[in-house]
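So, here's a batch of structures to check.
Each of the two complexes below includes chain A, the first together with chain B, the second together with chain C.
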Partner chain A sequence: MVSGLINANPVVYERKERRVRTAPFSADEYAVEPIDQQEIFDHIRDIKDPEHPYSLEELKVVTEDAIEVDDKHSHVRVTFTPTVEHCSMATVIGLCLRVKLMRSLPSRYKVDIRIAPGTHATEAAVNKQLNDKERVAAALENPNLLDMVDECLAPTYA
Partner chain B sequence: MDLLEGNLELKEIQKLEGHTDRVWSVAWNPATGAAGIPAMFASCSGDKTVRIWQQTPSARCSASFECKAVLEETHNRTVRSCAWSPSGKLLATASFDATTAIWEHIGDDFECVSTLEGHENEVKSVSWNASGSLLATCSRDKSVWIWEVQPGNEFECVAVLQGHTQDVKMVKWHPFMDVLFSCSYDNTVKVWAEDGDTDDWHCVQTLGEPNNGHTSTVWALSFNSTGDKMVTCSDDLTLKIWETDSRIPQETDGYMPWRHLSTLTGYHDRTIFSVHWSSEGVIASGAADDAIRLFIENKDGLVDGPSYKMLLKKEKAHDMDVNSVQWSPKEQRLLASASDDGTIKIWEMVPSS
Partner chain C sequence: MVSGSDARLVGQSYLQNLQVQSLAQHDRMLCFELLECLLDRYSDAVAALGDDLVYGICEAIDGEKDPRCLMLTFHLVEVLAWLFPEPSGPLASFAGDIFEILGCYFPIHFTHQQGDDFDIKRDDLSRALMLAFSSSPLFEPFAIPLLLEKLSSSLPLAKVDSFRYLSHCVLKYGVDRMGKHAKAIWSSLKDAIFTFSLQGNIFSLASDLPDTMGFEENDITKEALICLEKVILQNDGIFLSLIVDDEDVEMILRSVTISNSYNSLSVESKQKLLAFGRIIVVSAKISSSSCDRIFHFLFPRLMDILGLSSSSLSLECIPYGSPVSFGQLNFGAIYLCTELLAACRDLIVGSEDIAPQSVLMQVSWCCLLQRFSGPLTTFLSSSLVTSMKQENCDANIYSGVKGLRTLATFPGWFLPISKSIFENILTVFMSILTAGCEETLLWKLSLKALVQIGTFTEKFHDSERATSYMNIVVGKIVSSISLDDSSMPYSLKLDAIAEIGGSGMHFMLKVIQGLEEAISANFFEASSKGNLKSVEVLIPLLECFSKKVLPWFHKTSLFEDIVFHFVINIWNQMEANTTFNIGIKANELLDVTMMVMRQAVADCSEKNQGLIVQKAYNILSSSASFSLKEPMPLSIPLKTEGLQLTQNLQDFSCRDEWLISLFASVIMALRPQTCLPDVRVVLELFMSVVLKGHVPAAQALGSIINKLPATIDSVEVSRACTLEEAMVIISKMNLWSVNGNSSFRKCNVICKSVENLTDLDISANNNAMVQTNVLVGLAWIGKGLLMRGHEKVKDITMTLLRCLLSTINTELLPIQHGLSGNDSGQDMHPLVMKSAADAFHILMSDSEICLNKRFHATVRPLYKQHFFSIMMPILLSSITGSDSSITRSFLYRAFGHVISNTPLVAVITECKKLIPVLLDSLAVSSVDILDKDLTYSLLLVISGIIMDENGREAVTENAHIIINCLVGLLSYPHMMLVRETAIQCLVAMSGLPHVRIYPMRTQVLRAISKALDDPKRVVRQEAVRCRQAWASMASRSLYF
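Right after this comes the complex of A and B.
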C-alpha cells in the first residue's frame, strides 16, 4: 500500500437527514413497490471511504441526485465523484458501489457505475474496468481486495 | 425450410440446473451427436467446476440432457472457458487460477491428465487447432501462448505472443488453417501465423479502429463454415463481419489479410459477450441484456455487397446476462446458452406456429 494518503485533508460534509419512507397509499400489502433513488442512496451512503473514516456521503463522493433509476427497465446508474482527480482509490470505491448494489438489489437489475465526467484523470480507463464483469469477478476472487471491499461495506450493514 | 422466408422462433427445450454460480461458457463435443453417439457438451462456471452433460435417448423429444460428471477439486478459482479437442477425447479448461487443465475422457470418467502452467494470472480462453496438435491460451497478463501436444499428454510451450496492450479475452484457431486469432480489452483482434522459414509465430495483422474495427473490448469471435468470414462481438454494442479471400493460397503460409465487411449496429443495447456462427449460416449472439438474437446474411442486397438482418430476438432468454451461445455441431438447429443466472438452456430453432 502507499504510505502517504492520497487526499490528506478531504472536505467533510454534513450527512443528509434520514427520511422516513412514506407508506404507499395502497390497500394491497403485496403490491410491488418500485425501487427509487432514495432506496439506492440508502444502500450506498454509508459505504466507508477506503482511506478515511468517513462515509461516501460525508465526502460527497455519492449524492442522491447522482443516482438514476429506471425501475421498469431494471436499470440503475450511479455516478460518483472522487475527492481528488488523481485519486488512485477511485477503482476501489467503484468496486465497493458495484458489490454493494449486487448484494442488495434483485438480480434482474443492470447496474452501471461511472465517474462523474471531468472529475478524474483516468476516467475512461476506470469506467471501462468497473463495467467489465470479468475483471470485477476476478477482482472479487482476490482475498486482499475482497477484504478491503468488505471493510468499506461493513458500516452499510449496521 | 428457407431461413429468409417464413417466421422462426427459438423454442426452449430444456433448462439445466446444477451450477451454483454464473455459467461462463459451454462447449459441444464435436465427436458426439451423430452415428448413434449421444450428444455431449461441457459447461464451466464461477463455482470452480466443469459439468459434463449428455443426451439421453428419449422417444418424446430430441434433447433431454443430464449431468453425467462434475469435474471439481482441480481448479481453485473460476473456470472461465472450456474446449474439446477435435477428436472429442480431451477437454481443456481455462481458469482464473492461472492454469489450464487437460481432462481425458476414459470410460465414463474424466481424469485430469495435465496442468499447463505459465501464465502470470487469469487464463481466459483456450482453443485447439483443427488437427488437435496445437493448443492456444490467453490471459489477463496480455500474452497468448501456443502449446504443442506431445505424446503422453505432455504439452510444450512453443510460443509466447506479446502484442496486445491489455488482457486478452479470447483465442480461436481458424477452422482449418493454423492461423490464430485473439481478441482483447485493448479493442483489437490480432491475427497470428507461423513464419514458414523460422518457425516463429508473429502477428500478421491487427484489426482495430483504423480498419473499421471495434471501439471497445472485443469479447468473442466465430468463423463461418467455409472459413472465409469471421464475426466479432464487442462492448461497443456492435457485431462486425470480416472477410478474407476465399481462394486459399497453397504457396504462402496460409495467411491472407482480413478486411471489414459489415457492422451490425443498433440491435444491442448492452455488452455482447458471445457470438457463434452455425454451419448453415445463422449467427447467434448472447448479450448482457438477457437476450439471444439470431442474424443471417440478407441475399437481397447483393448490389451493395452482403448485408445482414436480424431473424429474431428472444427477449428474456435468461433471467440474467447471457455469457455464451453455441450451436450444436451436428444438429444444426440446436443451440446451448449459458448465463449469470446459473443455468444452461437448450433451444431449438423451429418455424413459428
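Right after this comes the complex of A and C.
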C-alpha cells in the first residue's frame, strides 16, 4: 500500500443544481417514463471518492454527458475520468460504479463501464478488468474491497 | 447588607491582591463577576478609587480568552465608560490602553463548535464587544482607524463586522468627532458597495414578478448600506457633498449611461448601475433635504441624457403611442430615474403622518419633478408601447412600468402630478392590458401596477383620482366583459377584472355590478334561447364569481346585500323564464351555478336567507310538476308517489331540474337558525325526488336533518318542525322501516309499489336503480344525523347493514321471483349492496359540497371516532359471521370506507384486531380498477400504522401478512401512488426486529427487483432505496 494519497489535492468543482423534473401531475397513469441519462446520473453522482470526502460529481469523475443509455436495448455505458493519469483508484471507482448500477437497474440491463480514452496510463487493462464478470465477482468476495465499495456507496442511499 | 465603605475596601483589596489572569477559568469568572457586581451596585463607592480602579481592570482583563469571561470583561469596560464619562477623568488617561486590550479581539474569531456546553455564540460576543467599543466617545481616536483598517481586510466577516460597528459607533461618538473621518468612511463605503454589490445573478427576473429588481444583496453591501444611511442621517451635509462631488461617482454615472440598451452594458457596468441605484435610494430616502440635494444633482442630468430637457419647456403632453422621438431608450438613465422617483415617493408617503405641510414647504425638487412629469410620462409610456410591438428586454419593461407606477402613486396632496398625467398613465396600462393577447411579463407587470395604483388611491382617499381610476380602468375593463373582442382570452380577462376589483371596495362594487349584469344577460340568453355561446361564457363567469369575488366578500363580511341581490336576481330569472331550455353543456353549467348559489347563500345573514328560501319556495310551488300541498295522509301519497317512481330523472323538464337543484343548493347553505317554510312539504318533495336519483336533493335532506332544531320553544312559527317530527315524517314515508320486523322493508315498499305497476313493464334493473337511489338518500340523511350526533343514525346504519347481509336472505326472494324471475333477482342485488357499502363512504367522508363548516353544518366533535367505535365491532362480527363470499366482499368494502375516513389515532388504538381485516379489505379492493382510490386510502391507513410508534407491536406480530400484502401491491398497475407508498411501507418494515422479517427477505427482494423496472421513475427510485434497506440486513453480495 502506498503511503500518502495518490492525488493529494484534487480540484473540487461545484455540484450541479439538482434538476427537479417537472412531471405534469395529471399525467397519464399508464405512461412509461423510460430510464434516461439523468436518472442514471442521479444514481451515481453521490458516490464518494475512495480517498477524498467528495462525491464523484464534485471531482468531475462522472458527468451527465458521459453516460450513454439505451432503454430499448437495455444497455448503459458510463465513461468516467480519473482525476490523475496514474490513479490506482480507477479500478475501485469503476467497481463502485458497476456495483451501484447493478443494484439500481433492472436485471435486463447490460452495464458497460470504461475509462475515458486517454485519461489513464493503463486504460486498456482497467477497462478489461472492470468488464470481466468473473473478476468483478471475485473482487466482491473480498471483504475488504466490499467494505470499501459499500462505504463509497453509502451517501447514494441517503 | 454591605455598606459603601465596605465595598470600597473590597475593591481596594481586590486591586492590590488579585492576579486575575494567573487564576483558573472558573476563578477568573468569579473575579469578573465580583467586579461587575461592585461596579453595578456600588458604583459611587468604587468610583472613588479612580485611576487605580481603571488600571486594575485593565490588568485583570488583559489577555482573557475564555468566551464566558470575555462576555463579562466587555461588559466591565462598558460600565467603566459609563462611570467615568468626563473627558479628563481616569478613563481618558487609560483609554488608549483599554482599547489596545479590546482592539485585539476585533473582529471576533470564534472557533468553538455550536454543540459546546456553554451557549455563547459568536454573535453574542460580537455584540458585547460592539457595545464596549461604542461605550465612550473617548475611544474614537482608536476605534475608527482600526475599523477603517479592517475594512480593507480580505476576510468577508471582518468587513461585515466593521460596517456594523461603524454604524453603531457613529451615533455614539457624535457629529464633532466623526466629521474628520467622513472622507475615509465614504471612500470605504463606496468601495464596498461598488465592489461587492453583486456576486449572484444580475437581474433575476425569472422569479415571479419581483418587487425589487433582482438585486441580491450580500451581507457586506447590506451592512455598508445601513452604515451609509446612519452616517448621512448624522451629518447629511458633508456626506451628500462627498457623494455629489465624488469623481468616481461622476465616472460611474457616465459609464453606465454611455450605451443605450441594457444588454450592451458589460457585467461590470450593470453591477455598478445597480449599486449606484442603491446608493441613490438610500441617501434620498433619509430626509427631505437629502432628497432635495440628490434630486437636484441627478434628475436634470438624467433628463438631459434621456433628451427630455429641450421639450421640457412645453408642458403639454404628446399623445401616447407616438414613436419615441426623444433620444433613445437609455436604460441606465431610466433605471436610475425610476429608482430615484421611487425613493422620493417612499419618503413622501412615509412622512405623510408627520406633517404634510412642512414637507411641502421646503421641497423645491417637487417643482422640478412637476416640470418634467409630463414629458417623462410620455417618454416612459411610448417606450412601453413600443416594447409591446417589438421584442424588448425585460429590464427595460420592468423599469418603465415601475417608473409610471411610481409617478401615478405620488400622494395627491403632494401633487406634483397633474390629473391628465395620471389619466394618461392609466390609459397606457389599460391599453397594454387589453391588447395583451397572452401573459407576457409586460402584461403581468402592468396588471400588478394597476392593482397597486388602485390600492393606493383607495388608501389615500383621493377622490379625484379614484374617479379617474374608476372611469378609465374599472369602467373600461368591466365593459369589456360583454364586449366580444377576441384579443384577450376570456379567462385572462376575468382574472384581470377580479384582481383590479380586489384593489378597493368601490372598485369591487363596480366590478360586481358588471359581473352581475354579464351573468344575468348571458343567463337569459342561455336559458331562454339556448344560446350555446352564452353558456360557454357563463361558465367561466360564474367560476370567477365563485372563486375570486365571493371569497373577497367572505373576507370582508360587509355588503352581504349585494350577494343577496345577486341570488334573488337569479331566482327572478328562473321565475320569469318559463321556456327554460339549455342544450349542450347544461350539466356543467348547472354544477357551476349550484356552486355559486351555495356559496352566495352561505354568506348571507339569517334574515336574507329566509327571504331567499321563501322566494325559491314560492317559485318552486308555482311550477306545475311539483304539487306542494299540505301533507296528505301518509298512506295515500305512497300510492300516487308510487306512480311517479317510474319516472327517471330524464323525465324532468330542464326547468324543473334547475329549479329543484337550485332549491336544494339554497337549502344546503342555510344557517341552522334560518326558518324553513313548510318543512314537511319540503321534506316530502325532496324524498320523492331522491327516489329518482337526484343527489343534490339527498344532500339537501341531509342538511335539513343536520340543522333542524331539536326542540321549539313555542309555536311561534306554525309550520316549523323539530328534528323529531322530521324523522317521523321520513320514517313514515317508509324509505326504511324503523321497526325492523321485515329485514328489507324499505325495498318491500318500493317493490310493492312496483308490483302494482307491472303493466308498465319495469325491468329489474330499474328496480335496483330505485333502491340505489333510496340508499343514497339514506346515506345523506344519515350523515346529517351522524354529524350532529343523533342516535337515530343507528337505525340507518342498521338498514344499510341489512342490505349488505341480505343476499342469503331468502325472505326477500319471492318478491323478485314474482317480478322477473330467479336470475334477475340475483343480478340486482350486487348493485344495491355496493351502494349500501358506498353509503358508508358518504357517511364518513368530508364533503366539499355540503355539510361542512362553510355551509354552517352542526358538527359534533369527534363524531367520526364515535361512529368508528360503534361500527367496528358490528362490522367485524358480521365479516366473520358471513359465509357468502359476495357478502363478505361488500362488508370489506364498507369496512374500508369507515376505517379509511377515521382519524388515525383512533385506528391505532385498535390496530391489533384491525390489521388482518384491513389487509383482507385491501386485497378485495385492489381487484377492481374502479376502487383504486379506496385501495390507496386503505394503504395510507396501513402506512400510518406502520409509521406510528404505538402500532409497532401489532405490526411486528402481523409482519408476515403485511409484507405479503405489500409485495402484492408492488405490481398494482392502476395507480403509481399505490406502488410508491407500498415500497415506502416496505422500507419502514425493514426496521422491524430481524427475527420477524428475515424469513421474508428473499421474497421481498425478488419483488423489489421487479419494481426496479417500473414504468414510473419515482417508483424506481424508491425501489432502489428499499432494495438497499432489505439487502443490507444480511450478506452484502452483489445479489442477495
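FYI, the second predicted complex is superposed on the first by the 152 of 158 C-alpha atoms of A that agree within 3 Å, B and C clash if a C-alpha of one lies under 4 Å from a C-alpha of the other, contacts with A are read in each partner's own complex, and residues count from 1 in each chain.
Convention: a contact is a pair of C-beta atoms (placed from the backbone, for glycine too) under 8 Å apart; a residue touches a chain by one contact, two chains touch by 3 or more.
In this text the structure is predicted, and so the values were computed from the model without any measurement.
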| task | After lining both complexes up on chain A, report clash or fit for chain B versus chain C. | result | fit
| message | With both complexes overlaid on chain A, does A:M102 touch chain B (first), chain C (second), both or neither? | response | second
| remark: Counting residues of chain A touched by each of chain B and chain C, the higher count belongs to C
| request: Once the structures are superposed on A, label A:H86 by its partner contacts, choosing first (chain B), second (chain C), both or neither. | output: neither
| task | May I ask you to decide whether A:K128 touches chain B, chain C, both, or neither, giving the answer as first, second, both or neither? | result | first
| message | Once chain A of both complexes is superposed, is A:R15 in touch with chain B (first), chain C (second), both, or neither? | response | neither
| message | Under the stated touch criterion, which partner chain does A:A137 make contact with: chain B (first), chain C (second), both, or neither? | response | both
| message | Just to confirm the geometry: in the superposition, how small does the C-alpha gap between chain B and chain C get, in angstrom? | response | 7
| note | Going through chain A, the residues touched by chain B and also by chain C turn out to be 107-108, 137
| said: Which stretch or stretches of chain C touch chain A in the complex? | reply: 973-976, 1009-1010, 1012-1013, 1015-1017, 1020-1021, 1024-1025, 1027-1028, 1031-1032, 1036-1038
| field | Footprint of chain B on chain A - complex, ascending | value | 107-108, 110, 128, 131-135, 137-138, 141
| query | Which residues of chain A touch chain C in their complex? | reply | 21, 23, 29-33, 35, 39, 42-43, 99, 102-108, 136-137, 140, 146, 150, 157
| said: Residue numbers of chain B touching chain A in their complex, please. | reply: 22, 46, 77-78, 80, 96, 121-122, 124, 140, 167, 169, 185, 216-217, 235, 270-271, 288-289, 319-321, 340-341
